[in-house]
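Quick heads-up: structures coming right below.
The same chain A turns up in both complexes below, where it pairs with chain B and then with chain C.
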Partner chain A sequence: MSKQYDALVIGAGHNGLACAAKLARAGKKVMVVEANAELGGLAATTEFAEGFKASVAHTLPQLTDKLVKDLELHKHGFSFASEHLETLGLKEDGSDALRVTGDTVTGVSQDQVDAYKRYSAQMQKFAKAIAAFWQKKPPMIGDKSWASVSTGIQFGLNLRLLGKTDMREFTRMIALPAQDVMDEQFEDEHLKAVLAWDYTMGNKLAPRSPNNAMINWLYRLAGDASGFNKLPIAKGGMKGLIDALAASATSAGAVIKTNAAVKKVVVDEETATAVGVELADGEVVHAKAIISNADPKTSFIKLLGTRYIDIQFTHRINRTRTDGQTAKMHIAIKGEPKFNGVSRADGRMIIAPKMSYIENAFDSSKYGEIAQDPAMEIVVPTMHDASLAPEGHHVISITIPNVPYKVKAGWETEKANLQSAILNKLEAYAPGIKDQIVASDLLTPVDLESRYNVTGGHWHHGELALDAWWMNRPTYEASQYKTPIDGFYLCGAGAHPGGGVMGAAGSNAADVVLAASK
Partner chain B sequence: MTKKYDAIVIGAGHNGLTTAAYLAKSGLDVLVVEKNDYIGGAAVSRELHDGWIYSNCSYVCSLLRQSIHRDLNLTKHGLMIVPYMGTTNFTRNGDYLAEYPDEAMQYREVRRHSKRDADAMHRYYTDLMKYAKVIRHFLLRTPADPTSFKPRDLQEMAFMAKKFMGMGERDIYEFMRFMTMSAADFLAEYFENDLIKAFYATSSIIGTALGVYSPGTAYVLLHHVMGDVDGAVGAWGLARGGMGSISKAIHGALQEHGGEVMLEAEVDTIIVKGGKTKGVALTNGSVIEAPIVVSNLDPKRTFTKIMNKEDLPEDLYKKAKDFKIRGSSGKVNIALKGMPDFPTLPKGHMLRNGSMQFLDSLERMERAYDDWKHNRWSQDPFIEMTQSSVWDPTHAAPGNYFVSCFIQYCPREVEGGWTEENKQAFGKTIIDQISNYSPNFKDHIEHMEIRTPYDIEKEVGLTEGNIFQGELTIDQLMFNRPFPGYSQYRGPVKGMYMSGSGTHPGGGVSAACGANAAREILMDLKRPNIVPEDEND
Partner chain C sequence: MLTIDAKDQGNHIDLRLQQSPFFPRIKELCLSEQWTEWNGYQTPTYFLDSYIEYYATRNTCAVFDVSPMKKYIIEGPDAEVMMNRLTVRDVRKQKVGRVTYTVWCTDEGRIIDDGTLFRLAEDKFMLCAADPNLDWLELGAIGMDVTVYENSYDMAALALQGPTSCALLKKLGFTGIENAKPFDIMYFPFEGGELMISRTGFTGDLGYELWVDPNDALALWDALFSTGFEYGIRAMGDESLDMARIEAGLLAPAVEFNSALHTVEFRHDQTPFELGLDWMVNFKKPSFSGREALLKEKEQGPKWKLVKLDFEGQKSAQGSLLYADRKCTKEIGYVTSGMWSSVVKASIGYGFVKAEYADGPIFAEIYYQKEMRWYQKVVEGRKHEGAFWWPDRARQTPPADT
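On to the complex of A and B.
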């Protein structure tokens, strides 16, 4: 008989590690198994070229103070390289970039500055009304437990406490597409596009897509570890955070095993209870709770197997929308990058001159085509943390939305096409940069899928949309981290509250596992 | 001095006439003022050529509330709804997908294209009908204000909660998902064949400035199947004599109860004094007084055109300005000498009598939407061609055919404006599209009428030519329709009301908006409620 653990976490993504750390710190015997050699999953930091390090996720807006405190991450080596990046809307003609930081914006007319102040205040009010719910287990209609009922009441009350006018605006605006929100508030086309950026990131959504955009923006505003409405990055890159999470877990006795892919979840036939996992090398590890940080499709269909789950539940998991829509490019360069209209490339730079520019790129992706004018988000982490590249060199980290998972012409040929579209656009905004490139690494959704074992390569393990949110994430009967199979739990981004480097899914799942073990 | 009325209704569309009919029935002295020289708004039958009746705006009927039909004795006033056969969809490769009223026939037809999808059909209809039945409870009711603690609002919320709880927990979650999804995602949960998905997706884009991939279109799909013909939920029918028969019948009921209609009387302003409505000023300079003024015009037109900005609360003008009412549909009504040939079907085949569409895939539909985004009419448009005269011979003399083509998408603005040249080019696009499937279609055309959103706006008065008086997205539905805080048919000024499709439950020839408005007005006047409840399924 192999060693028995209290909890076994499948996948050492940031949520898996947060879950493990919380359980270990509560005195549980915990093991984490990770298929890859590095910890972190999509938040892993890889050395993509000799001496150059980068992560798929590059900023930390959703990280909460509570998680940092609960897991004593600062004690375990976590710190911010920068607590707030400015968001810069780049201009191709070389004129000064538009700058958005906190409650202010520069580079636009005074009436737009005033409009932004009003908009920002209202959004923060909305975000604060619902911020607490990202950190809580979702309620369920049939769940009469106090935790569930009180969460439901609290939600209604928080909306009501916004006041009549704001509550009405909330119910209306929550369903608006980014484009309508922006058109109602602003005149400046460039400002609209820059502000609309976070409404659709990571999802298969365009500025004109209704119903889902606002919830993503409010989600993006959720973090307060570096102060509310800030855009921090970690020292040492994402690795800084991942190492701290791992240290928090191991210092409390958790065991982390890398290069240990899970072949399947072991289920006790008689009781239909998950009792352990079988690793790729045949080793079986037993635990009272099996907690999957993998996406819901991988967790239920691949690892658990449909043999143990109801056909309707299987159907509901299969229908979760997991086609990734975002690509990532790491570029290693010699010398400092120089962008048009920006004195120092230390902000989050956005290439999207107007909303229709993003919409057009999205339209290409709808039909499985590569947009020749891609919209991009660019961060140069080495401007804040020199340890990520050799001296005199920099890393450019680019996120490219509107990249389809399925391309009609096939990724064999289209990857080069995507790469040249990205580099051409980069060159247009940073003339001469092509000559500085030492190495690069482009990750399409298909690459992300195979490298990080995430179905569809989807950032959020499934669309973060109103129809897959809260009590419907990933589907009812699995939205409270428990699943229809006893002993089997979810703790990844596929569960509430979703993706982004937040750790809330992991932390919430740990609470549920702890409550169940009492 | 002109006569003073108890209430004035602006606009003789079917909802305005319904409000007026109920107010008259309750004993009020009611006047309906209409800018055109005919009644009906967008529910009209017009003899544009001798012997030809054009249902030139709305063309089919399903949402009309049965209880109103009966309560206002519309049958006595000449209204007869004729059910018609379903739609046949022609594909580029010379095949088709038909819709049969018989379930077994329909199963075999879908099975021809996909066995799995044929099996999924039952599940699809069951789910859709579940949602339709829940929504149907709310059509003839005033939405609760969720921010209010008034007993009536709390009661209404309790009613809603009860109806939803009646679905059972699982279906509530499913319904919550459904309400915000795209039609494409929703249909993908049932079907795999692209043609079948496209076929079912057509209802999700009609009249809507969204594509099949846009979230929110699943609800629009439901909006088109929640009606009924004589209790057959989801069925569609034609009004004998054209859609104008509905307006005429309601007008008949209005006259029966002593109400009046004044034609060619365009309202310039709603007169407000001391925070109360006093009547209306017409563009011809005359003033008609009444303590109650009901606008059947769309909310944008009502609050940005015929009300003075200074009479409105500060935020309302902005709300009206931001109200989403986008022109996205066109119509081409065609009079045919003889029936054109559709080589896909043998002569005399029963499917030749139904409606016709020309689609292969969701992608084709989505590309049609992309054109709209760029201010172009769709180059490969979605067309629903209804052969009205086959089922209702009053439209044309024997041997002649009247067909109504509904087109998605056609924008309000095009490059160069809607010149006569552009308008003809738009018409040509439609005829060419049909000709791809019926080579001799052109030869049969006697005359036709091309209507762009610009024409619909100009003639009917609907802002941007939007057929629903406002987009059917959830930010503009239920208690948010037309704006949050104004969903109970009362305007911002005492004595001012709204009765058009811009209010709950939204567009379509339902008469529900007008009836709901009448109920609220009677309540404010402390008169007994005579507006019937909906008949429960």
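On to the complex of A and C.
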């Protein structure tokens, strides 16, 4: 038997690293194995062209101050390039962009400003009521432990403490399609589209989709690493955060091994207990706890093997919706980008003039086609962090939702089609930008899948919706980080609370592993 | 314009039952014209008289068409792993050329179905069940390197059951069949192809099941019935088979148990422990579907128990409620199957009772008719261990030529 660890984490995504750091800091002997050369998974920062660096996930709305403090990330080099990006709704005609920040919005009529203030206050109230539960193991039906029962009670109590009116509104609104929420609150079509944006990010959903979970938005609101209701970005790109997480782990003794893909989880055949992993090169590493940062499908079906788990449980895992719907494009340009109606491209810029624009793009995607009018979220990290591009150059980081995983005509031809649709749209909003392009890198959901070993290339490791939330994430019997197989745990975005660069799944999983080792 | 070709689409009014490859012969012999439906097939309830057919299984031999059985092939490198996880017995111990009777359960340990598992090769199994199970097998195949497909329509089958069955097969030239032990599989050349014979059946008596290419089905039937005349062969229907299987202590789906995937009411399905199949559940296997739930049930004890009962008197207790006392004040369960058994000379049956009463006295409240008038009586049911009817010849190898 080779070296014995207390815990072995499969995958050095931000959750895997957060989990490893927390365990190592609690005195555990930890190893992290990562298939890729770079750390971070979907939060990795890569040099996509010489001197140009970009991160797949590009903002940090969900990161919590608690995690930053618990893991002493600032001490380990983490800082913000910007503590807050304004959200800008771009206008094609060149008029001033609509600006949303905190409780205020500009570029709309006064009644819309007032409506937004009311809406924002209510959303923040909702977000605060449930924010504490992101940092906790969810309850489980049938789990009579005090931790489980009290969490359930506390959840009910927090909702009740909203007061009768707001609690009623919470239960009414929580599963509404974004469009219904927006239509009942606002008149301004552009404002509606910009505010609906965060409801569906990363999911295979559009404003009209039911079950599209205001939850997603409340998640994004809940982060408070740079203050509540802020949209920060990390210095050095996501790498800044990832390196700090890794340093927090290694400084406490954790060992991180890259280029070490896991072939399978080693299970003791007599006791059906996970006891280690076999790496692609044949090396076997033994550990008391095997913690998977991979998505649930990869974790159970590919790495563990379904032979060890029950059939209906396997079926539920296999049915988790993992078709990614989000593409990412990184563009290296010469000079500063100039967008219509924006003096400096230093905010989060959204191209979505109205909700039906997003919905139409979604409709194309639904039928396996490339939308010719893509909706996009654009961030220029180099406006805040010059280290990411050579002098006099910039990086444009674009998130494109409504891009199908399964494309009818095949990605061989459609990737070029998608690229030209994106660039044409970009050119329409930033005339002349095409001529500034030095290099670019487009990642379709299929590229994300193969590059980062995530089933379907799904940002959240599986849809983040009410049916796959809290005690049903990824499914019951695996929603408390432990799984039906002793010694095998989940710590990725497929576990509660889910996607976004949050680290809570990793941190919560570490708590569960620590409790089990006592 | 959309046009629908009636021939291609089928006729939605004239939806006849399917007919098995043996149907032309069955139709000829089925003087009663009493039919029932089984898996979409037209199946005889009885040919002439169910008692005569039943007596044939006990005294000579009888043939039951099991072609409507659902047959599935599981093939590939993970076939053993898949079936070992899907079923409760240890499939790793099952040798090639052997059949086992087994059950499969939900994650909650509730029975989905029972059936016979044939190990055709190291990496190939055939699963036979009375009801469709393809969806469950497909779920069981997730993450496994296997191919699962239904073989029901490519294989016709006859059960030949009764004391003269072995002698008849030998007479037909299937030399060596006498060496087949219970649950063995053997192959013989037949009509230029291959006939698979397993020493299996649903009557508890000496008997075999013959698995044949549908194209050779009538030739097999004709061979059996021409040569079989001297061996007292008869065709048997559904009713006589049911009588034989009750005597044999065998369970019928949708009678003794209700598939957990079809049950609507909470816990109106069953577990292996409730059905007395404890011996089958192999906890030495570290993982199989339902293991954790079944282990818990084993520790806590089942809520219900299926018991074999030998009732006083001669009246069948079929459909009776069961009580803990002769005054019928404490209702404890019900009779799932009951009959007057001619060979055992007793009113026998199965009772499904709440576990805490399984070891106490059990009484059945029987309603019966005499010339249309209804009567009621209460009889005690004494518990019976093992099958009611399990003659030595069913176990002997080679079996005696009766």
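We adopt the following convention: the second predicted complex is superposed on the first by the 518 of 518 C-alpha atoms of A that agree within 3 Å, B and C clash if a C-alpha of one lies under 4 Å from a C-alpha of the other, contacts with A are read in each partner's own complex, and residues count from 1 in each chain.
Everything that follows uses one rule, which is that contacts are C-beta pairs under 8 Å (C-beta built on N, C-alpha and C of every residue); 3 or more make two chains touch, one makes a residue touch a chain.
None of these values were measured; they are calculated from a predicted model.
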Tell me which partner A:P484 touches in the superposition: chain B (first), chain C (second), both or neither.
second
Touched partner set for A:A468, first chain B, second chain C, both or neither:
first
Is A:A272 in contact with chain B, with chain C, with both, or with neither (first, second, both, neither)?
second
Classify the contacts of A:A175 with the two partner chains as first (chain B alone), second (chain C alone), both, or neither.
first
Between chain B (first) and chain C (second), which does A:G227 come into contact with in this model arrangement: first, second, both, or neither?
neither
Have a look at where A:F313 lands relative to chain B and chain C in the superposition and call it first, second, both or neither.
second
With both structures superposed, pick whichever of chain B and chain C touches the larger number of chain A residues.
B
Look at A:I141 in the shared chain and tell me whether it touches chain B only, chain C only, both, or neither; answer first, second, both or neither.
first
Give every residue of chain C touching chain A within the complex, in rising order.
78, 81-82, 84-86, 106-107, 136, 139-140, 142-144, 286-287, 289-292
Given the complex with chain B, which residues does chain A contribute to the contact?
140-142, 160, 164-165, 167-169, 171-176, 180, 183-184, 205, 208-212, 319, 321, 356, 359, 363, 366-367, 465-468, 471-472, 475-476
What part of chain A is in contact with chain C in the complex they form?
268-272, 300-302, 305-315, 318, 484
Quick check on the complex: what are the chain B residues that touch chain A?
146-147, 165, 169-170, 172-173, 176-181, 185, 188-189, 210, 213-216, 315, 322, 324, 363, 366-367, 370, 373, 473-476, 479-480, 483-485
